[in-house]
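Have a look at the structure that comes next, please.
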Amino acid sequence: MKLRVNGNIIETGANTVLELLEELNIKPERVAVEVNMKVLKKTEYRDFTLSEGDSIEIVNFVGGGYNE
Amino acid sequence: MNDRLIISGIEFNSRLWVGTGKYRDFEETRKAIEASGTDVVTVAVRRVNILNRESENLLDYINPKKYKILPNTAGCYTVDDALRYARLAREAGISDMIKLEVIADEKTLFPDTEGLVKATKILVKEGFIVFPYTNDDPIVAKKLEDAGAAAVMPLGAPIGSGLGIRNPYNIKIILETVKIPVIVDAGVGTASDATIAMELGCDAVLINTGIAGARDPVAMAEAMKHAVIAGRLAFKAGRIPKKLYATASSPIEGMI
Amino acid sequence: MNDRLIISGIEFNSRLWVGTGKYRDFEETRKAIEASGTDVVTVAVRRVNILNRESENLLDYINPKKYKILPNTAGCYTVDDALRYARLAREAGISDMIKLEVIADEKTLFPDTEGLVKATKILVKEGFIVFPYTNDDPIVAKKLEDAGAAAVMPLGAPIGSGLGIRNPYNIKIILETVKIPVIVDAGVGTASDATIAMELGCDAVLINTGIAGARDPVAMAEAMKHAVIAGRLAFKAGRIPKKLYATASSPIEGMI
Amino acid sequence: MNDRLIISGIEFNSRLWVGTGKYRDFEETRKAIEASGTDVVTVAVRRVNILNRESENLLDYINPKKYKILPNTAGCYTVDDALRYARLAREAGISDMIKLEVIADEKTLFPDTEGLVKATKILVKEGFIVFPYTNDDPIVAKKLEDAGAAAVMPLGAPIGSGLGIRNPYNIKIILETVKIPVIVDAGVGTASDATIAMELGCDAVLINTGIAGARDPVAMAEAMKHAVIAGRLAFKAGRIPKKLYATASSPIEGMI
Amino acid sequence: MNDRLIISGIEFNSRLWVGTGKYRDFEETRKAIEASGTDVVTVAVRRVNILNRESENLLDYINPKKYKILPNTAGCYTVDDALRYARLAREAGISDMIKLEVIADEKTLFPDTEGLVKATKILVKEGFIVFPYTNDDPIVAKKLEDAGAAAVMPLGAPIGSGLGIRNPYNIKIILETVKIPVIVDAGVGTASDATIAMELGCDAVLINTGIAGARDPVAMAEAMKHAVIAGRLAFKAGRIPKKLYATASSPIEGMI
Amino acid sequence: MKLRVNGNIIETGANTVLELLEELNIKPERVAVEVNMKVLKKTEYRDFTLSEGDSIEIVNFVGGGYNE
Amino acid sequence: MKLRVNGNIIETGANTVLELLEELNIKPERVAVEVNMKVLKKTEYRDFTLSEGDSIEIVNFVGGGYNE
Amino acid sequence: MKLRVNGNIIETGANTVLELLEELNIKPERVAVEVNMKVLKKTEYRDFTLSEGDSIEIVNFVGGGYNE
């Protein structure tokens, strides 16, 4: 299935957000996930199923403030 | 003297808050933050690099158990963007605290105060503890207080300018006007700027460029630690009046 | 970082020096001096009260083994008086250090710089380590250095005025002009004044009224301790340049 | 040199604009305005006293043929009130010019910038030539320009405070940001304040309390006339750079 | 109001005095002096070029019948040199007026105040009307008055620095201390600097580099003319008190 | 007919705004008139007829700015 | 013998500075002594003999600076 | 006769200061003259006779102040 993740089109076998994070080797605790502009609660990762063409944003904290 | 800063029931050990931008590397960031003695660290929210997972993460260096992580909405130029980043930040983190920035202009990085008040109202309704980065207009500060902000964070001078508290008079009026804590954000370029902010009666100071951009960020971080303590103590100690000379009968007005 | 201040071979632990005048009582003096973290205390030379020998002595509270006692020639309005008090001070004390004051005018307590240079030359020949209290004229500072002064102590503002460093430009030029240490004496009214003095590159600050006259002298003494440390660290850390705003290409001139 | 100020096609002979409040009587008002050399006079809109028709009228002293009458919406605390007074002013007068004030707080008389932008948009659509009294936030200035304001009138300091241009840096950024004329309104307390405003590059200055509240309003009005001319000429003449001393190789930064 | 400046019985029409150095050519000098409205022009004393007698002379452009010529001892670094040049100046000219300069340091051009007082005493005995260029130390000002100086000319800032009145507090104390006229000499960089000097209560201002070094010296000369008039009028008119805001009950102290 | 003029209840025989101004001895050129919250153009004074209980505001220029 | 000590005329039996200090109950370490405008070294106290009418100043350190 | 005038050695036929000034084409009114470190009064120019090797300074006013 094809997904847009952080602006990149990727091919994945993951069916849920949690599986996607595991496939991408990302620890769920430290990130936030948005699917099609909707921010998910961490508790939703396990059950939230992905569909062909979903647009997903995975963000975390980085050093910075203002516009750097 | 117990002089703890408490905001929305959260107790802060330090009146110096620090940013994490513009450091050479994570190690320098860690050392500077440690030297500053702070327990509040602001961070930005950005996309995970999914193509290269090797890269280290800031939180490997800044232990969230040791420091209060205050996410910001840096780089947001609209209310919607700011709301989106604030909501993501809450999920990525563990607290409801958000340093709200609605930037109006990328040259000066001044806030869009109208959008700021709007976004504050919405986020407060959603249960956020909102720390809005604002200008030094006392009227806007009052609107933010009425909107439910936990504190106001007026700029002393433009972000990264190092000009200090350009208009102490406005800051003083803000302190007269609002009951919530006043935290000077942006403009502090050297230690005395932070001391002056605290002497005015501000509750805390947030510094990023002033420390990270110094020739020796770790030394400047330690300087800022002492500067904030000095200013707070001086404010509470009650300074002597200004006179043209000691034997002058009356205090002078602001002659220049 | 080892950043000790050494003058004429004498090592000082603190860059904050304090006076002993204007306190409510000896106990308050002791507490404030302790809170300041200083190891240099200035004292005046006065007649013993031979009629009432009960009265306590300052040195019962300020242990000369713990603090360097720096006698001054306060209240001397002529070169001869200053020399007389300096010589008495040396016999009353244990060191050759003298804070030399030749006051020209009792209203402003400004120094008579011509007499000051004269007295400095004579006392240096007699083996004194002379710390002259002077104005902020770089030419006078140079003459004092040439006369053999161990350091120069320019005023930031009139004694007891609390106006801070009125003319940082002159202090900066003094720092460019002389090789001996520069210690700001007089004018410091609150913590940020001391921080600014140190950020300019001064080697130390002497404060009396600014601490003793505060509503809470002990708290202000602690404030000054941190203020001086902050200013010194900031000076060595190298502050960011001042700009109209962060993205401005060039640092700004002193616009106003 | 022809250096006329032209706004929305209207040519102004003077870059000093004056208010008519706080004078002892109409005669003093007339004399001060004459001494100021202005051709723009601001007035308020108030109820006619229908019970006592004897009372003289300001316009018996200020000839509308000689002076441009600029009505203001002083005392309006809401957008609706401001609109109402603006419309009345247009009918009472002969021009479309309105000095728009939407006051947020009667203690400081700071503007409500959000309401100000709203009211500006509406009045511009109705064909008014709008001169909004605003704070010194460059972002608000830009919004007012986009809303169609003929000029922006940022405050130098709170109305009647006499504090001068508290934040010349913001005024400078406003001048960089907007293309419409910038007229400093409020805060000017003495002649040098007006000169400084003009040296920054402002197009004009509006003064009321600074003149009317002086011990000798007529003399101060004349002082302000020269002050504004001096500042304008100096701005165009191009001042020498600031240096620590003449032989210093490079201009100095804003040291303090 | 008749507000003429009279010194040692000589009546001056202008409170702006100008120097003649650093101009591109004599014609520019002439135009700038004319635009300044002054009637006092300072000149230096130098060797006649006996090898090339073609070269024009300054006095071909500055008519001594129209302007009071005030020779200075510029470039003199000792008392003897200053005395020698003063005596030559008197023979070359037509008056006993001398602007006395005893320079201590060629980098900053600060005066040697000790030598200045000595030279003043001698020249006063010889019947000179002495205008000494001094620092801003009120004690030195008093010594010069006691030595018989006709006026004191304290520097506002180093010659050619354009830093304005760096320490208005000292100038204010000088004005309290001496009865002879106080004329600010050196440091004025732009019109507002001159206005501020006059608002402090100074009797006149002498400007050279601030005019001659401007991009357009003639326009700046005219600016300075208005600036000095403005400052003088404002001083006499009595400014409004400074307050944090108009409704504040009490005037503010010099907050920062 | 009773009218509220500038907050005062007055008894008048005037039928139009212009008549009212004349009755009150007010020069029309220098004032503005609002009837029941509607601002009138000067050209309307002659024909604008008043009715019992109308609320009228008559304003002019006075010295002042801000809130004095 | 009569002496002027710190401005007071006193009658004393002391013959030397040291005896005078003892009589006045003053610890020598913490003071300086001037006899007829001449400052003495501490080592001179024992042997410096006083004469009728000598003017003596005995000073010590007090809190203060400038002119307080 | 040889004289040092303003640092230059010159050969002159002038016997008095006035003659020297005329020879050098210098108007007396606008200058001051010093002979061997002694400043002359204008009235002395006519009669003050010069001698071989005299050191003479002739100065006038120029634009300038301070050290330019």
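Order of writing sets the chain letters: A, B, C, D, E, F, G and H. Residues in each chain are counted from 1.
The criterion applied here is as follows: contacts are C-beta pairs under 8 Å (C-beta built on N, C-alpha and C of every residue); 3 or more make two chains touch, one makes a residue touch a chain.
Model, not experiment: these values are computed from the prediction.
Visitor: Through how few touching steps can subunit B be joined to subunit C?
Guide: 1
Visitor: Farthest chain from subunit D, going by mean C-alpha coordinates, please.
Guide: The chain farthest from subunit D, judged by C-alpha centres, is G.
Visitor: Which chain's centre, taken as the mean of its Cα atoms, is farthest from the centre of subunit C?
Guide: Centroid comparison gives F as the farthest chain from subunit C.
Visitor: Can you give the whole-Å distance between the Cα centres of subunit A and subunit G?
Guide: The computed centroid separation for subunit A versus subunit G comes out at 90 Å.
Visitor: Could you give the separation in Å between the centres of subunit D and subunit E, each centre being the mean of its C-alpha atoms?
Guide: 35
Visitor: Using mean CA coordinates as chain centres, what's the gap between subunit A and subunit H in Å?
Guide: Chain centroid spacing, subunit A to subunit H, equals 96 Å.
Visitor: Between subunit B and subunit H, what's the gap in Å when you average each chain's C-alpha atoms?
Guide: 74
Visitor: At least two other chains touched by the same residue of subunit B: list those residues.
Guide: Answer for subunit B, listing residues that touch two or more other chains: 106, 108-109, 158-161, 163, 169, 173, 196, 241-242, 244-245, 254.
Visitor: For subunit G, what residues touch not just one other chain but two or more?
Guide: Residue numbers touching two or more other chains: none in subunit G.
Visitor: What chain-chain pairs meet the touch criterion?
Guide: Those chain pairs which touch are A-B, B-C, B-D, B-E, C-D, C-E, C-G, D-E, D-F, E-H.
Visitor: If we count contacts the way the header does, which residues on subunit B are in touch with subunit E in the complex?
Guide: Going by the criterion above, the answer is residues 165, 168-169, 172-173, 196, 241-242, 244-245, 251-256.
Visitor: Under the stated contact criterion, what part of subunit F meets subunit D in this complex?
Guide: 5-8, 10, 24-26, 30-34, 37, 39-42, 57-68
Visitor: Considering the complex alone, what residue numbers of subunit B touch subunit C?
Guide: It comes out as residues 1, 106-109, 158-163, 189-192, 194-196, 199, 209-210, 213-217, 219-220, 222-227, 229-234, 236-248.
Visitor: In their shared complex, at which residues does subunit C touch subunit E?
Guide: Those in contact with subunit E are residues 104-105, 108, 110-114, 117, 135, 137-140, 142, 157-158, 161, 163, 166-167, 169-170, 173, 177, 254.
Visitor: Quick one: which bits of subunit C touch subunit G in the complex? Just the residue numbers, please.
Guide: Going by the criterion above, the answer is residues 19-23, 26, 29, 42-51, 53, 57-59, 69, 71-72, 74-75, 84, 87-93, 99, 101, 103, 106, 109, 159-160, 186, 208.
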